[in-house]
Amino acid sequence: MKNFIGAKESYTSAKIVLFGVPFDATSSFRAGSRFGPDFIRLVSDEIETYSPYQDRDLEDINFMDAGNLEISPGDIGSAMDVIHDFSAKLIKDNKIPFALGGEHLITYPIIKALRKKYREITLIHLDAHTDLREGYMGFQLSHASVIRLIWDLKNISLVQVGIRSGTREEFRFMKKNQTLYSLNQLEKINEKIRNKNVYITLDVDVFDPSVLPGTGTPEAGGMTFVPFMEFLLGLRDFNLIGLDVVELNPEVDRSQNSSIFASQLVRELLLKVYSK
Amino acid sequence: MKNFIGAKESYTSAKIVLFGVPFDATSSFRAGSRFGPDFIRLVSDEIETYSPYQDRDLEDINFMDAGNLEISPGDIGSAMDVIHDFSAKLIKDNKIPFALGGEHLITYPIIKALRKKYREITLIHLDAHTDLREGYMGFQLSHASVIRLIWDLKNISLVQVGIRSGTREEFRFMKKNQTLYSLNQLEKINEKIRNKNVYITLDVDVFDPSVLPGTGTPEAGGMTFVPFMEFLLGLRDFNLIGLDVVELNPEVDRSQNSSIFASQLVRELLLKVYSK
Amino acid sequence: MKNFIGAKESYTSAKIVLFGVPFDATSSFRAGSRFGPDFIRLVSDEIETYSPYQDRDLEDINFMDAGNLEISPGDIGSAMDVIHDFSAKLIKDNKIPFALGGEHLITYPIIKALRKKYREITLIHLDAHTDLREGYMGFQLSHASVIRLIWDLKNISLVQVGIRSGTREEFRFMKKNQTLYSLNQLEKINEKIRNKNVYITLDVDVFDPSVLPGTGTPEAGGMTFVPFMEFLLGLRDFNLIGLDVVELNPEVDRSQNSSIFASQLVRELLLKVYSK
Amino acid sequence: MKNFIGAKESYTSAKIVLFGVPFDATSSFRAGSRFGPDFIRLVSDEIETYSPYQDRDLEDINFMDAGNLEISPGDIGSAMDVIHDFSAKLIKDNKIPFALGGEHLITYPIIKALRKKYREITLIHLDAHTDLREGYMGFQLSHASVIRLIWDLKNISLVQVGIRSGTREEFRFMKKNQTLYSLNQLEKINEKIRNKNVYITLDVDVFDPSVLPGTGTPEAGGMTFVPFMEFLLGLRDFNLIGLDVVELNPEVDRSQNSSIFASQLVRELLLKVYSK
Amino acid sequence: MKNFIGAKESYTSAKIVLFGVPFDATSSFRAGSRFGPDFIRLVSDEIETYSPYQDRDLEDINFMDAGNLEISPGDIGSAMDVIHDFSAKLIKDNKIPFALGGEHLITYPIIKALRKKYREITLIHLDAHTDLREGYMGFQLSHASVIRLIWDLKNISLVQVGIRSGTREEFRFMKKNQTLYSLNQLEKINEKIRNKNVYITLDVDVFDPSVLPGTGTPEAGGMTFVPFMEFLLGLRDFNLIGLDVVELNPEVDRSQNSSIFASQLVRELLLKVYSK
Amino acid sequence: MKNFIGAKESYTSAKIVLFGVPFDATSSFRAGSRFGPDFIRLVSDEIETYSPYQDRDLEDINFMDAGNLEISPGDIGSAMDVIHDFSAKLIKDNKIPFALGGEHLITYPIIKALRKKYREITLIHLDAHTDLREGYMGFQLSHASVIRLIWDLKNISLVQVGIRSGTREEFRFMKKNQTLYSLNQLEKINEKIRNKNVYITLDVDVFDPSVLPGTGTPEAGGMTFVPFMEFLLGLRDFNLIGLDVVELNPEVDRSQNSSIFASQLVRELLLKVYSK
């Protein structure tokens, strides 16, 4: 597997480990996010290793790219196990896991693995959709219920940003539990995450379909790149314990522009780990 | 024909009747809006029935989907008759007609039918183009002259929003008749429509091609979703007598993202009928 | 749901019942066959109801279109149950089931339902791939093992046509059990199926990718339309108890030409039921 | 307008005049053949001027490219007039008209113009569809009835090749009037056209959708390039009075391969005029 | 070659001469900008000749379209010569050269030709990328080093707008030489260009990939149409000696929307020459 | 870089070395073959390692995948050197070079390297185009003249198969030198290659555009898969010293079907090395 641009070879010295999860079995509309990791890597040569936003370069930091996990299409249970076990190994080795989806359900087994190490986790959830369903179409393990599944693990503090689609019940849940924030409420979010162990899960459909058309369930009214960068760079005083970028579907946007965009997001998130 | 998501079965109890008009015979650049209604319905499952913008759900309101009118391609005269007669029947049965285009010319026979019931009509025209030509390439019945045709029916009050393309003559017409408004002039518009019988015609190319690439004649510099929603929700104190969404061309945007966007517009407009 | 062209409304009088199975959870390469049934119906208006190959018209025969089954994406077990139960009901009502996939795994629960009525079944399997795996990537219920699963139901007589891809073990299985035939061996096949209860399962990737590009796992060297028609029309003296057309993936071929081709296949197969 | 490769500048000395007819108003499924002439020219640079099939070069022959006619979209009557009048002028000037469609209806006004000069015309009609409807969807002037309209001009001798789609009535018409031939019946066709004034109308959907996917109404089971060339080169002893290539829809095949194919057809037909 | 909409025929009286440069030999990611000029012209009919932004019409101004230069693919040296010599001729004839790329390297020979007439040139460089490399992948003549090559011609004053990608070294160069401006620094820019001979080079990837997806190396966070127009119209008191629009890649955006957008940019730049 | 399916890790024990050459600088129509090697590898997982045509499996043979050469876009001279030097090293190490293009010009430096070892080389050239130009558009190093360049190296015996496009001069060259064969002349070819050192260069446009649409310069009337396989398997009694597969352009065929087809060609050629 071609590595993400700037990745180093050594596992031992790596602080962050990228890995691909080509899994999209529960996608409700258009599957294809299984190709996300391959395309993010394929086009990553096109972007620079240097970020003018952070004045930092991928060449200066220490991460490796472990390639894709082997996932059997259609076998959800075993997929969950494979993701969990790989994440657990990384955590044991003191690596920060950085998963490239695949669909959003993959976040669940990673958080389960992290919960064995961290008693409390603060989840920053960037997404167009609430993903708070109590099961979806009669099925528990689904991209549409992943945040609810994580919430039910207990001791999860939830910061949701960009949400603009869900059922009435899901919006009531957010209201009741005060989990929903806007990009402008950076300081309130910084208060909530201060000194916490934070996991960032970025569903790329949080972006407007105009800037990232390549996703299975696009939703009008999303954010654009510059406000996202201001938000990301404004987050501070927390301990980043894991990340993922999910739901890129290269099949939907055959120009590969969405993959290039996602590739740039990965670069900025990698560099963000080193900020502070 | 698959129904639009959330449509009820009963014509008798329906307040609004959706119908498709697969007609694009006068499209000057790229035809294909004939497929608009089918694709809006096809992807409508992908969106939620609940709108967080209006805190209202399609399940709670009463509309039915009458499918597509049968239109003979190329026979413009008979197409106008079919649209007119179907609209007239709906109006007679006290239904609010909601047409899914098809090209913009379809608005003309609907307004003609409505004018038999309403002596004066206020038209809110959202579009990138003025559509005020006195004939187009020597031909009277054309998408490029539809608003002029309607204007010539007399007793039409015109509110044009989003216009950014036309001939010098058309722009002079707008200036002379003071028909052009910006999204920011909501209060001036509310004054103009107060207690009026209002018809909303939404040419999807009023949106920026970035958020809705799937249209025949895209024009740079259009509006985006959130400002549109603020405008739509800000309209008040009028009597909505009909609506249409026209000029979606699914052939141009094969990712189906534009159809999903249009599907969401239809949901918001349907729910707006119930606001007040 | 829009019906397939020429479908009648009455279930009671129908001899054949078309139904869609939007299921593709175990697709190994490119998912998307879930959209097969919708697109076959959507474009079916484009073809004529009359077949010059059979000199017979859809208007003259009696079939209905029951729409799509409701399938929860990602929940394979329950999908199998839904397909089985619906098929069982059709069989009980003396209808011939005609399934539109979806991926190939959907044939398995249909055959299971048919086996309760018929002690022996002869399967005519048109496909590029053997689908004889004993499990695929460690997973039993898979499109790649569907024919093996059916074989293991016992009392299955197998006629495989068009196969040109598989593992060495699968090709040995075919050789040992003498299941593989070429299009030219029509008479040998007619002998094998004489007076038998026959189910035809048509994986569209049996066709050359040039004539049907829209499939998940295309394989060079396939058949073309005219030889297929000669084969189909040459089959005789058997009792047709069920059919399916699977693995059309409209996402791969966005021109919709593959869907039009599949639509024509469905017409010919429907009319073939009435030959004898 | 960019000229077709190898076109000369002089109208006076030209034997053949190519002209584009960007008209597709009656297309029943997918419009877009209006872009046919532009794309045929655009990609014509990609092919060689030399044909190894005929051992003849476009550089050696005398044709000019008159660009596109100005057609008002949607105004069928005036479009017919424009095509007729332009053709009539060419005929008066002793040019052979060679039209690039556009949809098939454009052949009708050209033949009408030719009939004023020639009392009898033999039409070689290459097409997937009979186009013999007596009106289509209640409308007379339609691509689906173009051959019937021409037939009704009287004194038309008809040779139909490649037809494989139509209604039962149309197939009966062909049988009764013995108009249908296969590619193999070259000698019977040569008898019928001997010493006749022949017009060749080539609807590109006569080709298999595999070799020419870019057309509005593809139909399985068509011909391929080499047998077509053998047929074309085998035609002899007739007087060629006009030609057209219609129904290329570049919107359907965005790879432009279909336009390149059509471009090559145009080259071979141009050179064929000079054979004898 | 089809002319750009509104172009006049006479070279003698033309003030501006448009010409296409189908050259993309050094494109690092996706070649295809060679098709830029053809597609800009092809779709230019779709836009109006009238600009409501400038209240000025292409019909009122005097420019001609000289078609495309003949460029041998792969022979960079001779391509540079062809561009240089053609530009030199235009400059000698007192025409303003307006080049349609092609890739960005084409700006270099134009500036070289202009430098023979003008001792000092102020370059307004709109781009996502710095293009300040000292050679790219060991090669000097490259789109990635074009601005550096120009800078090294001496007596170049540089205004860079929209830059958001480059190496650390390139960003340091910009900082040291104070070449980078934001759209908001219009007045500072106007000071810098006052009474200067100004060349505007517009790499279309300065725009956000959402509004112009059709480019080889898209970069998130770009500008949109309206702010660009405000910037363009705000520039004043300078002498415009040449322009180019480069890096449109129609292959990447097959909807042709990007070409339409570029076509509109060309119209606005043409009209801008006449402002003052 | 992801390896081609079935590749072994060890260079030392490898008999064949695959390597990618992402070079397309002289492409005359549509560049993009630079992405050929990446896409062949990316989709190679989709095909089986077992070939039923040869009853042989990639797992049983010994080849490695050396990834892509580093090529500077636009610098043809240095690209030629890089390819030559890498090939020379392989030849020195007694490996059989197997290049994945990239455009056809890449064959030239490989043959140059082989000529240092082999005094005479027999070239089997499968292609739609003669590639015998003496320079193309005034430029010597071009895909259109690659076979002529090789011929001019002297002591080249040439077998051309599938050629159907070129200038009159090129066809005369082939006639004079008797280099052109049809697929049916297998035995004549076998005579010519008996006991010779043979290099096979396969330009994928030798195939019909229907089966392989993804190429820059498609040409009607090409071969299909099964006849090609019969030809390939029928070649015998020669010493295979090198191979390449060139001119796959994945940008043209975004369905990736062409890449899958090419991937299968690579498998069959790899296995053919082991036949005898």
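So that you can tell them apart, the chains are marked A, B, C, D, E and F in the order they are listed, and the count of residues begins at 1 in each.
We adopt the following convention: a residue touches a chain if its C-beta (ideal position, glycine included) is under 8 Å from a C-beta of that chain, and two chains touch if they have at least 3 such contacts.
Model, not experiment: these values are computed from the prediction.
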Each chain counted as touching subunit C and subunit E at once: A, B, D, F
Intersection of the contact lists for subunit D and subunit E: B, F
Shared interface numbering between subunit C and subunit B [over half = same, under half = different]: same
Inter-centroid spacing, subunit F versus subunit C (mean Cα positions, whole Å): 38
Multi-chain contact residues (two or more partners), subunit A: 28, 208, 210-211
All touching chain pairs, where touch follows the definition stated at the start: A-B, A-C, A-E, A-F, B-C, B-D, B-E, C-D, C-F, D-E, D-F, E-F
Subunit D - residues contacting subunit E, complex: 1-2, 38, 42, 254
Residues of subunit E touching subunit F in the complex: 24-28, 30-32, 34, 70, 72-76, 78, 136-139, 141-142, 251
Contact set on subunit C toward subunit D in their complex: 45-48, 50, 52, 55, 57, 208, 210-211, 224-226, 229, 255, 257, 260-261, 264
Interfacial residue positions of subunit A with respect to subunit B in the complex: 28-29, 164-168, 171, 208-211, 213-214, 217-221, 252-253
